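Dropping the structures in below, format is structure tokens.
In what follows, subunit A forms one complex with subunit B and a second complex with subunit C.
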Partner chain A sequence: MWEFFARSLAASTIFTFAALGELIDQRSGILNVGIEGVMLFGATLGFIAAQVTGSYVIGFLVGIAIGGLLGLLHGFFSITLGADQVVVGMGIWILGFGLTTYIGNPYTGPLGMDRIPTILGLSPFFYVGLVLVIVSWFVLSKTSLGLKIRSVGENPSVAEVSGVDVTKTRYLCVTVGGMLMGLSGAIYSLYYNPVWNYNFLMGWGFIALALVFFSMWNPWILLGGSLLFGTLWQLSLNPQLVLPGVLSRYIWRTVPFVITIGVLLIISTKWFRIRWGAARPEALAVPYVKE
Partner chain B sequence: MQTGLLEGIARGETVLEARGITKRFPAVVANDQIDFEIRAGEIHAILGENGAGKSTLMNILFGLLQPDEGEIYIGGKSVKFRSPLDAIDLGIGMVHQNRKLVAAHTVIENIILGHPRAGRILNLNRTGDEITELCEKYGFKIDLRAKVWQLSEGEKQVVEILKALYRGARVLILDEPTTALAPPETAKLLASIEAMARDELAIVPFITHKLPIVLAVSDRVTVLRRGKVTARLDTDRVTEKSLAKKMVGREVIFRLERTKVEKGKTILDVENLSALSDKGFLALKGVSFSVCEGEIFGIAGISGNGQHELAEVLAGLRKAEGGRVILEGQDITRSSSLERWQMGLGYIPSERTEVGSIGDFSLVENVTMNFYFDSNYSPRGIMDYRKIRKLTEGIVAEYDVVTPGPDTKAKNLSGGNLQKLILARVLSRKPRLLIANLPTQGLDVGATEFVRKKLIEAKKEKAGILLISEDLDEILSLSDWVAPVYEGEFMGIIPGDKAQRQRVGAMMAGSRPEGLET
Partner chain C sequence: MRIGRYEFKLEKRLSLTGWKAAIISIFAVIFALALFSFIFILAEINPLLAYREMFSYAFVNPYGLPLTINRFIFLLLCTSAFIIPFRAGLWNIGMPGQLYAGALGAFAVLYAFGVKDFRTSDLSPGILIPLMLIVAALGGVGLGAIAGVLKGKFNINEIVVTMILNFIAFWLVSHMIKEGGPFMNPGGRGESFELPSSLYPPMIMGVPFTIFLALGVAVLLYFMFAKTRIGYKIKAHGLSPAASRYAGISTFKIPLLVFIMGGALAGWAGYHYFAAVPGVYKISRNYGYFGDLAFYGIICGLISLGNPLAAIPVALLFGGLSVGGRFVQGQLNMSFGLDYALLGVLMITLVAFQFFYRYQIGWAKTGEERLDVGVLR
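Right, the complex of A and B next:
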């Protein structure tokens, strides 16, 4: 049972990192649906770098760096060129899928390095994730920078006349967001499941995307959601643990999406909007053109 | 911050001066050698019709536009604004008509956003205390922890003023400050403006209509017309009439005669009608009234009191929660909009550009929207564009719509001209009942006068007219019946000739006088 718990937590951590990156993106008004692609890049290049150099640190740094670069690329199209963010995100996913398959092919197989040790029996990244959730929550809700990020995501033209540099703020968010997504991919391929195979993620990025909507853009709910989704994912790998033979793993895998649809239904009801206001950043996925 | 330029300036000294401001746009000189100055402690209104160059001047003073020629001086020093931030840093504050606030954030977050003293970590308690102090000083009342989307228009304006003051503004530019305010809110605002002026702030309201307010508070007035200054006057030497003449360039009739038309049969009967707002609460709470031929029924109220829901229910664009609507004896509560148009209902929506027209369609196509179902214009479902084109050309000529031609896109028309087109399109169907929702909102004096005249003409032709307006003067001068609406209910229905300004104003703000027939 402990084993299952620890594995679930390790899976959750990957969701936490990727979804936190996406949450930061979205709070500034940028929608990156290409998380899966960024993660694939981070995972593949991080895997290769670690295997070639024999250093985990370099592997993770490469994962973070490529994530940041792809965040910038997505940002360049959606912020500077004002392109349709969904289309750009899909482009990054497809690019990630194709290119990592090509690049990673010679490295197919296990990583072949010593496992990263656990801390108190749990994934060390879980603790890092916890800290990141606290930091993101604090920055977003208690600091000047956070207010700027939220304003840029709600109403960029207001932010602009108030003296906030919309472009700079958004670039900052997409870069940091991309780094977190890339890191999340590297954690997958270097810790959670250190074996390279083409398209090994099979939808983790999309679950992370759903998780952001599930969280109603709140880092704490996001943390809770990632624990829930991580456990569900782990269950989908071992369906015999609960209700043996009742549900196939593929049904289990759809559960996070079903839950997210439920949450989306709730936050779009009149009841929710009257009571809590709109949770979704108002300028999400809307390109901003300076007047 | 360089607000230093304005430190220690005494009452009566010039704080901001613009000399020879010229701004050209393709095909038009928006500002032509405009001189303007404002002193500390002064309220200096800038008056002009739409298109007179007011917004251009305002944007130049706030750094949103850069002038082609001319200079701006602050505290006697020549300055250049590259962006609004430069203007803000030099002590200029702007209160936008289309509010520049983040709806999802609290009042306090909006005020502190981008403030140089915000620090890395927000200290909302300290900021709150400082803002409360400002509120007490100038008589503003506002819940600092409320979210902006929950506030009324007047409260949002207060937030904008506070934001500018908190930023250290010594010159406050107000864009159409009293539009969308109820009379009591207007009175409070004017009192606060005077309090700020006593505190050596320079106040510059930009105004298109509502001339009485200019006269009530300002010290001086600068009038713009076609990009030029046509007059600069001390307010105590002018009258409403003389100001309007300077603005429009000709005499303007203010009091339109309330023409008596012989009362005909009832056209519209509304029984206990209620409806939900977009947000899902009961916005219209059971109103009953009727409108007869040749009658203008005026509904006076500040937006958000259920009158827009009423207009939409009558037009068939919103579901009625309860009650009945009877048009010429037929129950149309559940009829579609199209059925209503065919029965002779005409609708002028308040949202000219969102509901009233399609911006990327030509004028001809926009006119078509009211005729496509008419077999005279679309025999067997095939549009007779030649006929509609002719009709459009007739409308453009008769209503004096300023446009290069009927194939111009609707989005290229000014507000006044677009409204003329919409009005003409509806009236050319000779409606039996006309619903005019805020027909003159945002129009300049000239266009307003025109629209009102047309409404009276329609009345003479025995149409029943439901007029919804925030402008109390408009309601009082045109209506045969006045119904002040507050929170979805009529506070009474008063015959037009017995409606007194003050009483109706108080009723719009929710007081329900006793002993009135309802």
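Right, the complex of A and C next:
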């Protein structure tokens, strides 16, 4: 049971990192639907780098770096060129899905390195994730930088008039957000499941995206949501722990996705929608053009 | 920006004619292929040679051409499934799920008539094949309708929903065809039972009849968008859902309708690949590959700017490229996934080229004297 608990926390950490990255993006008004693509890139290149150099640190750094680069790319298209952010996000996702399948294929198989040691029996990244949640909550709601980020996400033209550099702030957010997504992918392929296989993520990024909507852009709710989904994901892989022999293991794999749709339905209820509408960054996915 | 004696500046396009859009699209494809040649160069292969191999296998070779045509039918159906919601301003990226549902529907008909156990059927193919088509469409409709209702009624982001439905449908297919699932092949190879030869679809010169389905749908859609009231409503919804609601266009019915239509077409794509392509005739073990290929439908839809007729040549080109990519990968001993890489490169190039659909680069010759004044704006 402890084992299951520890694995669930490890899984939820991946959701936390990716969703936190997306939350920072969205707080500044940029919607990135390509989380899964960024994660795939971070996971694949991090995996290759770690395997080639034999160093976990380099693996994670590469994952973070490629995530940041893809965040910048997304930023360039959606901030500088003012393109439709949904299209750009889809582009990033399909680019990640397509290119990593090709790049990673020669490295198919297990990583073949010593496991990263746990701290008090739990994934070390869980503690990092906890710290990041606290930091991002603090920065977003208690500092002047957070105020800038939120004002840029709510009403960029007003922010611009009051002296905030919209472009710079948004670039900062997409880069940091991308780094977190890339890191989350690297955690998946270097710690959670250190085996490379084609398109191994199978929906983690999209669940993370749904989690951000669910969290009402609050890092604490996001942490709760990712704990829930980490546990669910782990349950769907090991259904025998709760209901042995009921339904095939393939049906169980659909459970996290079915529940995601249920969660999205809950968000759409009136009670939720009023609060959701208030919390939603007003300028989300709207390109900003300086007049 | 100024280069030499010319001053360049970006101008927002006020309108975009069909021809200009076509030229931009062609440039986008050429640019993507040029970009993609870096992958060949990195693998130390002459890109020109690789492209020649790709195109000649896909469009000339007697083994490659039928593959291309079958891939083209599949892609055209997927593209239409993408285009209909796209014109309504909605993103259907659920073609994989919808085509899995369609394939399950088609095989459910066979299962219901006991084809699995007896390998033959009393019913004539004249009844069963249309029935398979109908149920395949209904399977796709079922999945599409979920996304449509969730969007129209509850305003839930359709991208997340359709993508999540893809994963659900993916695992459902696994459940049905693997480890004792109802559609499992008696031989137990992780694939479905095979279609009896009496139910092989009618062929016209070696091409399944589904080509008429795909082409007919494309033509019908063109007329629907150009001439009919419903097409007009879909387009109006695409331009502005809020404004169209004031004009009395239902923001519930239109999303539901476009996703139902899209789902039905993706369901047919599923029927086509798993029950009409020669040599397959079953839900194969690598069915996920065909789901991934459906994403080419997004690219075709974007390049053709949602024009169903323009999608025909585009789908033919990409059908050929994906077949040829798979071929040269084996021929030149390259790593698996060349067709996936092409998918990725094409997509990001298209995203970059979206810019040119909205802006154009204007230039003017600057006079010598203006250099001194330095007016750069």
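We take it that the second predicted complex is superposed on the first by the 257 of 291 C-alpha atoms of A that agree within 3 Å, B and C clash if a C-alpha of one lies under 4 Å from a C-alpha of the other, contacts with A are read in each partner's own complex, and residues count from 1 in each chain.
Heads up, the rule we're going with is that contacts are C-beta pairs under 8 Å (C-beta built on N, C-alpha and C of every residue); 3 or more make two chains touch, one makes a residue touch a chain.
Everything numeric here is computed off the predicted structure, so don't read it as measured data.
Looking at the shared chain after the overlay, A:I251 reaches subunit C, while subunit B stays out of its contact range. Contact with subunit B, but none with subunit C, is seen for A:L147 once the two complexes are overlaid on the shared chain.
Between subunit B and subunit C, the partner in contact with more residues of subunit A is C. Touch criterion met: A:E282 reaches subunit B, while subunit C stays clear of it. Of the two partner chains placed by superposition, only subunit B is touched by A:N155; subunit C is not. Of the two partner chains placed by superposition, only subunit B is touched by A:G163; subunit C is not. In the superposition on chain A, contact of A:W137 is made with neither subunit B nor subunit C. By the touch criterion defined above, A:L264 reaches subunit C but does not reach subunit B. In the superposed pair of complexes, A:L99 makes contact with subunit C only, with no contact to subunit B.
The residues of subunit A shared by its contacts with subunit B and with subunit C come to none at all.
Against subunit A, in their complex, subunit B makes its touches with residues 64, 84-85, 88, 94, 100-105, 109, 112-116, 118-122, 147, 149, 163, 279-281. Of all the residues in subunit A, the ones that touch subunit C in their complex are 33, 77, 81, 83-84, 86-88, 90-92, 94-99, 101-103, 105-106, 198-199, 202-203, 206-207, 209-210, 213, 248-251, 253-254, 257-258, 260-261, 264-265, 267-268. If you check the complex, the residues on subunit C that touch subunit A are 39, 91, 93, 146, 150, 154-157, 159-161, 163-165, 167-168, 170-172, 174-175, 178-181, 288, 292, 295, 298-299, 302, 335-338, 340-345, 347-348, 350-352, 354-355. Within the complex, the subunit A residues that touch subunit B are 142-145, 147-148, 150-151, 154-155, 157-159, 161-164, 270-271, 273-274, 277-278, 281-282, 291.
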